[in-house]
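What follows is a set of structures to go through.
Common to both upcoming complexes is chain A, partnered first by chain B, then by chain C.
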Partner chain A sequence: MFRYIMRRIGLAIVSMFIIMTMLFVLVKMLPNPVPDGMGGQGRALVEMRRAWGYYDPIWTQYLIFLKRVFTEFNWGFCTTVGTFLQPVTEYLVSKVPFTVYINVFAEAISIPLGIFFGMMAAIFKNKWQDQVINVFIMIFISVPSFVYAFLLQYFVGFKLGLCPLVLKSGFDFFSWEMFHSAIMPILALSFGPIASYMRLIRAELSEVLTADYMLLARTKGLTRWQATFRHAFRNSIIPIVPHFLWGFIGILGGSILIERIFSVPGIGGVYITALNKKDYDVFMCLSMFWVVIGLFGGILADMSYGLIDPRIRMGGGKTNDY
Partner chain B sequence: MKKKLVAILLVAAMVLSLVACGDKKTSDGGSGSNASDSGSNDAGKKYTYFSTTGTINTLNPCDWQLNNESTCMGLCSSSLYDWRIDFDSSTEWAYVPEMATALPEDVTTEYAGQYGIPADCTQGRAWKVTLRQDACWNDGTPITSADFIYSMQTILDPNAKAYRSNSYTDGQFALAGAKKYATGSFGEAVGRGKTMADVVKEADGTYTIDGHQVFFAWNAALSLLSGSGLKKYEQYVQPEIAEYFDSLVDGRGVMPLTEEVYNKLFEFTSSDAWGNETEEDLINYFYYDDPATAGTWEEVGFLAPDDYTIVWITCNALTEFYSVYGLDITLIKKDLFEANKTDAGGLTKSTYGTSVETYASYGPYYMDEYQEGKHIHFTRNEKWFGYTDGNHEGMYQTTDVDYQMIDEHTTILNLFLQGKLDDTGLTSDDIPDYGTSEFTIYTPESYTATYAWNTDFDVLKSREEENVNKTIFTYLEWRKAFSLAIDRQAFCKTCTAGYQPAFGIVNNLYVYDPETMASYRSSEPAKKTLCEVYDAASIDELTGYNVDEARQLLQAAYDKCYADGNIDDDDVVEVNYHIYGTDATYQRFVDFCEAAMLKAAEGTSLENRIKFNLVEDKDYYNSAKAGLCDLIRENWGGAAMNPFTMLEVYCTDTSNEYGFDYMHYEATITVNGETKTQSVNAWYDELCNGIYSDADPEVRLQIMAGVEKALLLNYHIAPVAAYTSAEMVSQRIILPTDHWINQLINWGSFARDFKYTMDDAEWEAYCKEQGNELSYK
Partner chain C sequence: MITNENNMERIPAEKFEFVQLNDKIYDKKLETRPIGFFQDALIRFSQNRGSVICAIILLILLLYAIFGPMISNYSLDEKDGYYQYVLPKMSDKIDLGFWNGCTTKEYNQATYDYLTAIPGAVREDLGSRIGIVANREATLYKVKVDTYARRGFYELLLSTDQVEAARKYEQETGIQLFYPLIDRSQITCQPYSDDPNAWFKTNAKGVAERDANGQLIDIFLKDDGTTPYSYGDGYKYFKPTQGGNQYLARVLYSDWYYYTKGKTACFWFGADEYGYDIFTRLASGARLSFLISITSAIIDLIIGIIIGACEGYYGGWFDLLVERIKEIISEVPSIVFITLAQIYFARKMGGLFVFWVTLVVFGWMGISGTVRAQFYRFKGMEYVMASRTLGAKDRRLIFRHILPNASGFIITSTILSIPGVIFTESSMSFLGIVNLNSKHLTSVGAILANGQTTLTTYPHCLFFPAIFISILLVCFNIFGNGLRDAFNPALRGSN
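Right after this comes the complex of A and B.
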């Protein structure tokens, strides 16, 4: 197991370097012209860019980038995104809490509701309860979350006046006012994952409920609910747990549209903005943040299989060859 | 009993301390209570102007870039002179001293013979401004001329490469010696007045100026190219020459000038592709490094003879109006700027103006809250002289300004309808609902929307696929048909939020004589141009819309194209219309153009054979410049006090119209009785940089109108709409005027001139009464 993990970590580091190099080269290859008609401002911009090394050969820029990242952990400063000259790491750290705030709540709602309704659908398979839940699954999965966002904002926020239309400003994350203003983005973010979890649980549980050992459990005298919870549910949850894990990892990605609609100053829109405005340092720092999360999240997710079900062993060196 | 007494005493002490805290806040300038004579603030009442803004990156006067930032900086600063509504004046506006005590005094004679002012010059080059003595920063530090000097030195600092340094180094208001100082020792030869006569070829094959080595600027900023490097235009350069330059260029974007480099450069600049420049023009591409010629601060035309006097010495002569209009600077607080200096990749920059702690105010408001990407709040700066100087009676009822940074229009509109915002911009989708609301105001803007065609035959031909034709765009008849097929009135109504039809390259806002606010479009030469181009008897009859003629022209274009073998019977004409996005607003533009052309094509050989494709392109200006688009809608504006410089975007390398040869396309114009024919580029040069730059306004109008006519008659551009922004203001706002005044005043300043019928508390209660859903229809 240890060797397997070490090997995966080693591969992840190699992958990280390859991705980092590709991203750096590709983003630097994108055209970044000084807009026309700027006269002296254009000249000043060119001079600034020159001082920042934008016109050096890409490999020279990359070596300088690597040196400052790995010797000083200096990811550079904001130029066109965020606050001018603010260190990129500081800027991104200031954005992450807002994204995490709404997404953690969204995930915390999604998992129990997804499990509960998924189980209901499986237990009452092909009955009216299942039909109703399936309708909602179809609606929630087919309709993009920004549509709910607009509907919630219009009906719940604007027409009924039950919640503020935008997230409250400030950093008082534990105040009622902040949570109240976050309810609509949380709900808009929850509907999709709820439906997704419902569908997964329903499918897995439906299969397990028809297994022979469930019949054995019932014949041994367990009630339907006891058999379902003690045996079927535990077995059906194994392939789904990594989805929960990925759900939490995905939290850090944010949601561009939901954050835009509810004016959440999170990290969701930063990536595209940095790419459009050619803020190279912000782009690279954020990219690598996600690359690292993705690569190591993958290792964690794989390890979680073994932890949940001891029958699953990692790195045994066995193949499917006969 | 004893316990009760102690409790009572404690409560009393707490109450007293709270009161004391309240008093302290007021004295610090933090409360909304009124201690001023500026009139309209009822004691203790808050009048917060709630609005939205876009991104704010910095409020540093050196490096701000966005209009949002300028607006915020304006709240925290005072200009030397203020532009105000004055209904007693025939023009309905006036300029009055603000940080200054009187209008600027022309002291050119005192400085004649210095700072580049000719010894015999008597007016317009040096302006003395006397400063008021009661101005101070929001912490109470007095403002003197030393603050002005420090601010100017900081903005022009050659080690800072400040984005805003060009305000004082280039253009009409450039300060004497400022460019030289800001450039440092390594700079353009032409910027130091050098010509090819100063370039000496040495025995070793290199070149020098005054004994210093000369460099060719392949990828360094050139004034000739508006700050771009020559490399930006490498598509015009022979590939082998471009590769050669690339192999030699250093980190500064230059290379030593050798005989080989010289010859290759001249081979390119003298080619047809680059407009057959002469050897004398090569000086425009050279840099050299001479520490002795680096400008010093002493050479900069910005002086402080005493603590409350500053003198501006400019490169160009200015009238009093322009000295008031153009000579100003946003001050920088020295201690804060210095404390926040940082090395930004080798440049000396400061994080001044990026947080509450790093910013200072000397205007009517100061920033007291800032959350990046979310919220910014300003409150009254009680230390501002304007609240007590008696010159601002009845102004500044606004006690606070609160901006939320929201991008989503639907959210903004909903917040406005709830009463949470005092204004909202309107889009074309909102106009049917709110376009005629009594709370909607329209503000003309200087921008003109113009369709620009790609007319390069080879490029269009190369993009033609089977049964697709594009080369028909190169026929003048096609482009004229397009111009006539667009019903500009309907276009504005269907596709925009209140834009007005436009027919010329600049709109009605462009003023050629600011003293009288006489607009270019209302001048006789400009009217004549439009009447001739659009074949109208008078300007009032002008519509620019004639489907019948468009139909004939389309048929003629087809016939010619067919006769030339460029189109087949089963070809469809496909127009790739590059536009920023794909949402309904953008799609509407494309659909409108297609419908207009399909209508014009009815009954012709092109009936049902025209198709417009929306191509999403975030960088469509550059795409057009590279010849990748068939059609774009470009928008040019700004500098509305100078219509003449607008020709730059159509007659120089700034032009987006791929295939239009501004170096050779000619205009024939009669000036002072003499008729001359030359390229539109040459006319532009003479008008803005050459012999006609100081000519009589009537002569300049004649040339401008002549060039405009030549450009319009080529139909590679088709102006369609003049920008107008539409917005609604909340029901509690009282505007200072019932009509838009001009581009200097607009509808008045929201902070200074807007009045409120209710304070914040009353407004909140009122909105609640209305169920937080106000009616604006």
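Right after this comes the complex of A and C.
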């Protein structure tokens, strides 16, 4: 197991370096002229950029970047996005709370609801309850999240006037007003995960319910509910836990679309702005943040299989030895 | 009592007889027709009612995308800013009570007066009530307003020839095109100072002054005998401008529209902020979505099969290399690549082509993964070894013996990749990363993005594209799932 994890981490670090190099070269090759008609300001900008090394060869710049990042974890400073010369990490950290705030609630809603309805569907398999749940699964999985966002905004927010149309500004995360204005983005974010959890639980649980040990449990005299909860549910949840974990890892990435629609000042919207305004440091920091989350989240999710279910051995050969 | 007939254990011997004693038995030719793999899949697919319905709906949507622009009254680049944001209307002749371009709202006195001054704008007067507006009591009028007629009058400059042609048309058909010009000096309400609809006398707040009969009092320019084309009612209809070459005239826009374009305005799905017909724009956006997704799925299929087959069949360093490349590409958030590609190449090669290429770059990996897994599964099987022993070449083994096993999986994953592409396209256009919106081109995502800005005031701009894309994606997924079940031999007989 240890050797397997080390190998995965090693491979992830190699991929990370390749992606980092690729992105750095690609983004630095973008033309970024000083806008015309800026006069003295333009000349000052050129001098500033010269001092920052913008006109050095890309490889020199890359080495400087690597040295800066790995010796002092300095990701540079904002130039065109956010406050001028504010450290990038500080700027991004100020954006993260909004994204996390909305996504944590969305995840907290979708896991119990997904489990509950998924179980219902599996227990009442092929009855009307299952049919209804299946229809909802199909709709929630297929319809894009921005469509729910519009529907919520129009009907709940505008027609019924129950919630504000966009997220309240400010940093008072624990006030009722903030939560009230966050309800709609939370809902729009949670429909998709609810449906996918429902589908997973339904598939797993309905398979487990037909297993032989369920028959044994019933023969021993357990009621149907006891057998389902004590025996089937626990086993069916094992393959799904990594998906919950993925959900929580995904929280940090945020959803660009939902953040755009509900004017959430989160991390998703920064990215497009950074690329369009050619703020290299913000772009690199944010991209690497996502890439690292993706790479190491994958390892974590894979590892969790082995931790939750001791019968599963990751990375073993044909004989399951390690 | 047990009779001899029903007692199976003691059937009398004379009841038995030989079917054949001296005949020879030969193998009979099967009387039923053999059922092939695809035929079997088709049979099982057609038993899945939900999937068949979805397939039919998809076909309808596809037909809408292909023929929509042809059956609509508008062309893709035809816009009329004067009709911006008008509501959906089915037809001029049929009024179902809904889908007729009308909206019911409450208005204050000034707006109510304004609307009654426009011919046809107030479709139905639904009474008034005393309400409270800004802490003051006011009469509120509930009216059903025709959003098409409410555009009302329009002032335009016409050349002498145009005026004469229009006058001739008026005399021939009896339809009045021109209306008297307004005396601007008599307008007391500031917001109405340039409004061609404000032809009546108001106070400073815009509330109309009425005569003894309750009629509006007009403030038309009086005819001073200097302009040609008099109607003989004492009002001035044309005002020479620009040294007498052109005339300022005031027309009722719906009649003028009919006169110039030969049709009455009727937008089935309403019009957007530029006055484009949403029905036509949406159909052509759908056409683009289908075109992008289907062509990129086909290219993905070809690349995916070739690379996946080589990976799976030959294995070794090629497999290792391609797997690492795939891992790296899939780790980079696709949005990064799409944005960078747009910034680099969009100006030179066109945003659409560049976007299509980026889709292919990400798309082939799914298919190649499926194909690779199938090759790993089948390449060690005995029948493949038998064929190789008989001297079959690699190419024959790959395409004749192994690939057909994967055909079901390949078809399903190709079909299921299409909604993903449509979703990517619409979200990228929505975010403004890919700009596919122009005079002659549009996409569903671009229409959605335009509609979102006026969500609360004109929801119809968003409603139709949102419904369209939702139905499309739901149907594609159900259809794809049905196809997957039909192609899965393990499920044969289970449903």
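Note that in this section the second predicted complex is superposed on the first by the 290 of 322 C-alpha atoms of A that agree within 3 Å, B and C clash if a C-alpha of one lies under 4 Å from a C-alpha of the other, contacts with A are read in each partner's own complex, and residues count from 1 in each chain.
In this text, contacts are C-beta pairs under 8 Å (C-beta built on N, C-alpha and C of every residue); 3 or more make two chains touch, one makes a residue touch a chain.
As the structure is a computational prediction, the values presented were derived from the model and not from experiment.
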{"item": "Touched partner set for A:I272, first chain B, second chain C, both or neither", "value": "second"}
{"item": "Contacts of A:I18 with chain B and chain C, given as first, second, both or neither", "value": "second"}
{"item": "Touching partner for A:I261 - first (chain B), second (chain C), both, neither", "value": "both"}
{"item": "Which superposed partner A:Q153 touches (first chain B, second chain C, both, neither)", "value": "both"}
{"item": "Chain A residues touched by each partner, larger count belonging to chain B or chain C", "value": "B"}
{"item": "Chain B versus chain C as contact partner of A:P242, first or second or both or neither", "value": "neither"}
{"item": "Chain B versus chain C as contact partner of A:G297, first or second or both or neither", "value": "neither"}
{"item": "First (chain B), second (chain C), both or neither touched by A:F84", "value": "first"}
{"item": "Partner chain(s) touched by A:P193 [first = chain B, second = chain C, both, neither]", "value": "neither"}
{"item": "First, second, both or neither for A:L165, with chain B first and chain C second", "value": "both"}
{"item": "Residues on chain A lying within both footprints (that of chain B and that of chain C)", "value": "150, 153-154, 158, 165, 260-261, 276"}
{"item": "Chain C contact footprint on chain A (complex, rising order)", "value": "15, 18-19, 22-23, 26-27, 29-30, 138-139, 141-144, 146-147, 150-151, 153-154, 158, 165, 256-257, 260-261, 271-272, 275-276, 287, 290-291, 294-295"}
{"item": "For the chain A and chain B complex, residues of the former touching the latter", "value": "31, 33-48, 50-53, 55-56, 77-78, 80-86, 91, 94-95, 150, 153-154, 157-159, 161, 165-166, 169-171, 260-263, 265, 269, 276"}
{"item": "Interface residues, chain B side, partner chain A - complex", "value": "57-58, 60, 63, 65, 161-167, 169-171, 219-221, 223, 226-229, 232, 251-253, 342, 344-347, 349, 351, 354-355, 369, 371-375, 404-408, 410-411, 414-415, 417-418, 420, 618-619, 621-622, 625, 636, 648-649, 654, 771-773"}
{"item": "Interfacial residue positions of chain C with respect to chain A in the complex", "value": "324, 327-328, 331-333, 335-336, 339-340, 343-344, 419, 423, 426-427, 430-433, 448, 452, 455-456, 459, 462, 466, 469-470, 473-474, 476-478"}
